[in-house]
Amino acid sequence: MDHPIQTDYLRWIVLLPLLGAAANGLLGATLQKKIGKWAISLFACAPVLISFLLSLKALLDLLALKPEERFLIDRLYPWLSLGSLHVDVAFWIDPLSTVMILVVTGIGGLIHVYSTGYMHEDKSYWRYFAFLNLFTFAMLLLVTGDNLLLMFVGWEGVGLCSYALIGFWYHDHVNTRAGNKAFIVNRVGDFGFVLGIFLIFWSLDQQGHGTVVFREIEKFASLMKGQEIWGVGVVTLATLFLFIGATGKSAQIPLHVWLPDAMQGPTPVSALIHAATMVTAGVYMVSRLHFLYSAAPETLMVVAVVGMATALFSATIALAQNDIKRVLAYSTVSQLGYMFLAAGVAAYGAAIFHLMTHAFFKACLFLGSGSVIHAMGGEQDMRKMGGLRHAMPYTFWTFAIAVLAIAGTPLTAGFFSKDEILWQAFSSPHSSPLLWVLGVTGAGLTAFYMFRQFFLVFFGECRADSHTRAHLHESPKAMVMPLVLLAIGSIAAGWIGLPSIFGGSRFAEWLEPVFGAHHEAHGPAALEEILMVVSVGVAALGFYLAYLMYYKSRLAPERFSSLAGGLLYRLFYNKYYIDEIYQFFFVGGTLLLARIGAWIDRYIIDFIVDGSAKTTAFISWFNGLFDNHVVDWLVNKIADTTFEAGDKFRKVQTGNINGYLYVILGAVLLAMIVKLRYWS
Amino acid sequence: MEFATVIFYLIAAVTIGSAAMVAFSRNIIYSAFSLLGTFAGVAAIYVFLGADFVAAVQVLIYVGGILVLILFAVMLTHRIADVQITNRAVGRIPALVVVGVFLSLLVQIIRETPWQKAKEIVYAPTTSRIGDLFLENYLLPFELASLVLLAALIGAAVLSRKELKE
Amino acid sequence: MVVGLTHYLVVGAILFTLGLYSVLTRRNAISILMGVELILNGANINYVAFSHFSSGNVEGQIYAVFVIMLAAAEAAIGLAIVLAIFQIFHTIDVAAAETLKE
Amino acid sequence: MTENVLTYMTFFPLAGMAAVLLLPSKSHNLIRWVAALFTVPPLLFAVWLYRNFDPANPGLQFVEKIPWIPAYNIDYFIGVDGVSISMVLLTALLCFLCIFASWGIEKGVKGYFALFLLLDTGMMGVFVALDFFLFYIFWELMLLPMYFLIGVWGGPRREYAAIKFFLYTLFGSVLMLLAILALYFSSEPHTFDMTKLIAQSGKYGTEPLTIWPFDQWRWGFQHIVWMALFIGFAIKIPAFPFHTWLPDAHVEAPTAISVILAGVLLKMGTYGILRVNFPMLPQATADLAYYFLGALGAWNIIYGALCAMAQKDLKKLVAYSSVSHMGYVMLGMATFTPQGISGAVLQMFNHGTITGMLFLLVGVIYDRAHHRDIDGFGGLAAVMPVYTGVTALAFFASMGLPGLSGFISEVLVLLGAWQKYPILSILGASGVVLTAGYFLWTIQRVYLGPTNEKYKTLPEINGRELFTLIPLGIIVIILGVYPHAILDLLRSSLDQINQIVIPHLS
Amino acid sequence: MDLGNFESLRFFYPETILTGTILLLVVLDLVLRSKKSLGYIAIVGCLISLWATLELYGTLGGWLFHRMVILDNFSLFFKVLSLLAALLVIWMSLDCLEIQGVHKGEYYTLLLTSALGMFFMASSSNLLMAYLSLELVSLTSYILTGSLPHNRRSSEAALKYLIYGGVASGAMIYGMSWVFGMTGSLDYARISEALLQGEVNRLGLFMAFVFILAGFGYKIVFVPFHMWSPDVYQGAPTPITAFLSVASNASGVAIMIRFFFPAISRLGEGGNWSYIPGVEWPHFLLFVSMVTMTLGNLCALNQQNVKRMLAYSGIAHAGYLLMGLVVLNNDGLRAMLFYVAVYLIMNLGAFLVVVIVANATGREDVEGYRGLAWRGAAIPAVCMAIFLFSLTGLPPFAGFVGKFFLFAAVIEAGGMFVLLAVVAILNSVISLYYYARIVKTMFLDFPQPDDPKVEMTVNSSALLGFLSCLTVLLGIYWGPLASYAGQSLRFFVR
């Protein structure tokens, strides 16, 4: 394992998008004006596509190696080397990161292409692609960086691009506020992430092996066992800290609030960043550090519970949303919850598998919804859509496939991956049947809200105004093409990870060098089949309900929404009021602190300073007074104050010279007294 | 009580009494004239102490010079025609207290201090001794004093000259 | 009781304190100058007395002579200043008199 | 030539001042160009030093030592080690750029540039001086031009700000003078030579003193001297209770002076602590660092960030962000780990470049809109896209975005801090969130959103202004990607300083 | 060396020359029409005397004129200082409009007489000489203060000064009479012998010293003997104020050191002096020093009149000076001498600017300095800033070095004295405030349209340049002056 192969082309996978970003960012405005938008598109798409090809080459290169030797490394230069800390700028590829770079460059490339159509009318076309490329770069850095710090660079980098792209249409404060929210919530997560890094480094440094490089952490991970800080095991604490980072980035409870708001950005951005790639970084990170998580069962439990809770929780919210993208957003949060559930039961392979399939179908869904929004002239409210299947056949069909996939219809990608997760939730040593039950419930909910959306958008009467209706049209080729490819992926991607009952997963096998042998024999195959059937059944139930309500209209949705006095519905609809609570406690609280700080500064500290100045001034004033008035006053008071108006020596006579002389005498007397008192 | 002692007390009484007049009188003319008594009394004390030259100087300069100056000044700055020529004093009581404390302190210390004792106490004319010393050991102070007087002379002229017309 | 050093010193001290009393209480510049003369006389008595009783030579007397000389000089200057002030300002309004204050 | 390079570098601006004074006061442009000309050689010298400096050698290099006042063992003794060379480089660069940032000065041009060049010499001198007396002279030498530069060319409340700055710093420096004298008289033979004072650092008493009314105080001679020096330096940093001069001075000072103030002057405080307190008073440093550097630094981080958040004035916000960022330096120094202490010095350098950019940027907008009220703008990104882009770079660098220089130093500091004081590290790291908060909020209010009608026609940033910003921007990026450009300089020197203190840690 | 009258004359050229110049001036005043040339003659006289003084370096120290005065490095130092002060003040007076109406012949004569008096103050070794020389300086000062004709403030100031001085010196000679009575001698050497051997009443001796301190203290202007100075400084013609604030102060220091150190203290090991047991004057001076600097600075804070402000600052500086005295060692004394010298330079400089501004505007209040730098007087403004910052004690100006030495002396003494240093430091900060106020007015405020332009004559600019260069130069390279001050501590004692 200690002979990684230096492979120079790896850097180009990462750096090419950066070059694209630099070209567009620095020259884009000029290019767009002088040459045209096609130049921008070229600079934007070409690097990503080349990266994709290089990633394929990397895949092939890896395949050529023996499974246990499957990794390549590209060291650029030493980045930080201080004391025991040695961090290189180095990229590495192993089976896990290969999956990621393929997803990032592959789906990312498709979305780039899609964007050339979607964003064609925008004035800041170049800016959009500069950030999109920069995002791709950062994401690639995140997944290929060979150490935690480099990963963190990508980690924050994607956050930055996400911020910039959410607020892309910055003229509206709603967008910029959403961007700020995303960034700041992510920062909270990052705060945990860095602390996790520090803790790991510190703990290993105590043992003489301070490092942040993944492979070395893995090598020395056993040394961390038994160490404690504040009465908590270091491994547990470190993984928990890192998991805070993951909740931020992957929008898990309690840091999920930013993702739905992030839908303010252009739709391809939602597809790329907020569905396919960036939000999965948390899952990737947990998988990457699986050896630490596996060593910390408490953390694993937290991860599983948080994942499960998020999955259910956001699924319920998604039930009540009317914005086409918001439904997808909550669905994303929910699906990410599934991935963490998988990770939490130590089924990292399943998590990554779902990550990959999810990338396909969710990207497809988002892009499809983008296509719809494009056609509807920017309208996102599903209650104003309907019957679009005739106007946009490609969009309809691809969307249909993706909905089937996410609902877990057998033989689609979603079916295999979700089923794997549920099975692991049931059978893994870290799991419990309760998790499975909840997971299946979530699956039913997913099916319900996805089909609700599907029916609302594509079936029934069109509820849009006549102007919009007249302009309904299918999207341009650049947008349709990726949709089709993604739809294909939504089905096919699942087949590389067939469950064991269908002959074993090649995907799991591929990841085996990373995660070790997967848990196979924990349950009888029959049990697996039964469970699978149950989950499919629950999903079908969800479908059927949606069908009744929104297609056949036999069942009024109001009957459900008015359950429990409408309380539940209002909770769902208002996202459990989490935003309001956060606004009140955290934002309000911080601002209050800030105001208090500033107030202290202005009034207390300055008051003390100015006060001492004033006291000094006062003392001086008093002294001046003393010098000129007190003596004078004494003298004058005692004196008869009636003087002849024509007294020619008034000054000499009333001048304080007597007082001055008193002072001499007084001083001599004082000296004598002191002398007698202290030194006699 | 010896005759000399009686005389001493007499002189001291005159000296102090007239000095008190100087200090306490409400009329500046009275004060100025009382000063005569003080100066004369002090001169007499000098004689008692066998300092004939100093006594002479005291009479000459103080009585003949300074006192006359003071009287002139008083006359010049007050219209004689005024019925009352005041000599205002203020804060008598606190001043009396301070000065009283001071005096008691001084007397206390004077009584307690072991002053240097001369080997012998002589009564002899001092004028020639002083004259010798002025031209021998004390030549420099003597000359310096002349410079002081020159400066005073010039100064008095400067201060009292009306205005410069160039 | 024999008249001794202490007697003279006490007389000097009394003159000295009377002079101090004058300078402390008098409002008239000339009176204050008279007070200064009293102070000087008080000191002079000390010198002559010490010259007689303590040092046994005429040093103290010489000192006294110089003090008298300087007293004269000082008085001359002081009175000149008093006269100058009087001459220049006897018509000036007294309300503007307190010039040297802050 | 090469053996006197430090002298030339230090005194070239002084020659420039003389030259400027000789020019006719009406020819403004000539004066500006001459002033600019005289800041070039120091920059070239600094770069030359940078290239010829031997980073492996922890000792002092390019040393010059000439007896000055032999009767008191005062020498003209200058030299650089890794820490000072980075500061010298920063000073030379910022001074050069700030001349151009001062182009818009129209009042008393001659006086301005003359004082500016004098200030330049003073700052250089502080960083190269190795004789304590010389150090003090240079230290105080900066006060005077600074006072005038703020007081004459500053904003509406300039007089208040100038005198506040002056009084605060003077108070600190006279305390420092006492400490210097105390050290001088404790050394045997009496000397102001820093290297010799360091060599005898073990001798300064640490046994508790009995000082009325404290019968048995835990502090010894060393601790008291340490404290006196610390207060002097803390005022410059500025550490928490001594910081209120800074917002006023920054807000009122002209742009270029704010840059110098934040970019160079603040560094002198931490530089001084590192150069003087650490090696000369190691026991006291070991005893007190936690409270007065670590905890206070963490407090500075959070307190400054909170104060920044409440500001309505853009420049004041930047000023408070300096308070916050200097907190990282203090926290880093208190760790005595290679990461923390290197991070601290790197943070000094980075803060100099980043805050320099920020102040320059505030100046750009102030020159156009004539106010700095954060809420009075809006949507500037549409009007001035290039300006907004550069601002965003600076803001993100300041909030420690990875890939930019601020990140490296903050991470190093916090990483170092974790090893000694995990709680402080957590506090410091939480400052990262707050920083993001106020900067993003500012970006939103000033640059994003609907364009304010009043500023629809603001001219875009011009070439001269870009010229002052771009070098700093490039450095910010380069150091984010390749921090060893500076870190290599520091390593051995800081190791040496660390090694003096570490044995005293209990 | 103990010389008689005629032998002494060989070592008496400076005084002789100065006396000759004085007499020459008196005579020429009657003859010459052009009064300005009198000033130049006085300057030449000073220069020759200065040369003669410097010639005396290297000769053996000793008593002159039957133990009336002492010739040693210490007295030579102060002779040089008072000559310089006189010379610079005469130079300053040449173009001063304020003293246009003063009789120049008498004016210069009296100035030189005063300087001569200072010679003796520094060198007297006899109570009589001390008194005489003090009075000589005082009397001439009274006259000079009141020399402005038809000027109420000037006359008032003179009268106050005279009365105050009269009482103070009266108290002093009373105290001296007791010393005489206890020791039977007027000669310092014999006094010290007698005090150290004989049985003395400590309380009496202490009181005598306090009385004597009153006489010295009013010359040095320390609290509580300071009260005359603001009034007098404000009322006197500005060059005279300058002269009083530096020369008279310096000679007060001289006479005090001469009396308290070589005369009645003992020099022990390592340059430490010990005082007569039971007379703890340093303890008192410690507190006096603190109070003096604090009071002076605090009172200066609110002054609107620059001269009055400088007077209060002078009080504060007297407090700083005392720091050097109370530590009772040669380092302290050396610091004191050094400080006196640089104080002379920078304070004269500040007053020179006051003269220049007053010439142009007729104003002495702070408002009169408004925007000085922007109305054609950038150079005086800059110089004023230099002097004021130097007075504050900022490097690289001479005042810093002076304060540095004082602090150094105090810190080295350690213990209780550190408190003194801290007080002094706080005072430095306070003092910055009011000095900077003037600087602020000159630079930071802008002139009103009707503020007159300020122009300088050749004489003033030359002097201004000289003083400001010296202030900066001594701030950067003070070695020679410091060693000169150190060498000047060679007292002739028996």
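When the chains are written out, they are named A, B, C, D and E in that same order, and each has its own residue count from 1.
Note that in this section a contact is a pair of C-beta atoms (placed from the backbone, for glycine too) under 8 Å apart; a residue touches a chain by one contact, two chains touch by 3 or more.
Treat the numbers as computed from the prediction; the structure is a model and nothing was measured.
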item: Contacts common to subunit B and subunit D (chain labels); value: A, E
item: Per Cα centroids, the chain farthest from subunit B; value: A
item: Chain nearest the overall Cα centroid; value: D
item: Chains linked by the largest number of contacting C-beta pairs; value: B-C
item: Separation of subunit A from subunit C, taking each centre as the mean of its C-alpha atoms, in whole Å; value: 94
item: Chain centre separation in whole Å, for subunit E relative to subunit B (CA means); value: 31
item: Interchain centroid distance [CA atoms averaged], subunit B/subunit C, Å; value: 7
item: Mean-CA-position distance for subunit B and subunit A (Å); value: 100
item: Residue numbers of subunit C (touch at least two other chains); value: 9, 16, 19-20, 23-29, 32-33, 49-50, 54-56, 62, 66, 70, 73-74, 77, 81-82, 84-86, 89, 97, 99-102
item: Numbers and ranges of subunit A residues touching at least 2 other chains; value: 624, 639, 648-649, 651-653, 655, 657-658, 661-662, 665-666, 672
item: Junction residues of subunit E - those touching two or more other chains; value: 128, 132, 135, 139, 142-143, 146, 150, 152, 156, 158-160, 163, 167, 171, 178, 181, 184, 203, 207, 230, 302
item: Chain-to-chain touches, reported pairwise for every pair that qualifies; value: A-B, A-C, A-D, A-E, B-C, B-E, C-E, D-E
item: Subunit D contact footprint on subunit A (complex, rising order); value: 29, 77-85, 89, 149, 152-157, 160, 163, 167, 170-173, 176-177, 179-180, 183-184, 187-188, 190-191, 194-195, 197-199, 201-202, 205, 229, 590-591, 593-599, 601, 605-606, 609
item: Partner subunit C, residues of subunit A touching it in the complex; value: 624, 628, 639, 643, 645-655, 657-658, 661-662, 665
item: Complex interface listing, subunit E residues touching subunit B; value: 5, 19, 22, 26, 35, 64-69, 101-103, 106-107, 109-110, 113, 116, 120, 126, 128-129, 132-133, 135-136, 139-140, 142-143, 146-147, 149-150, 158, 178, 181-184, 194, 198-201, 203-204, 207
item: Footprint of subunit A on subunit B - complex, ascending; value: 77, 88, 90-91, 93-94, 98, 101-102, 105
item: Touching residues (chain side subunit E, partner subunit D) in the complex; value: 373-374, 378, 385, 389, 392-396, 400, 404, 407-408, 411-412, 414, 418, 421-422, 425-426, 428-429, 432-433, 436, 439-440, 443-444, 477-479, 482-483, 486
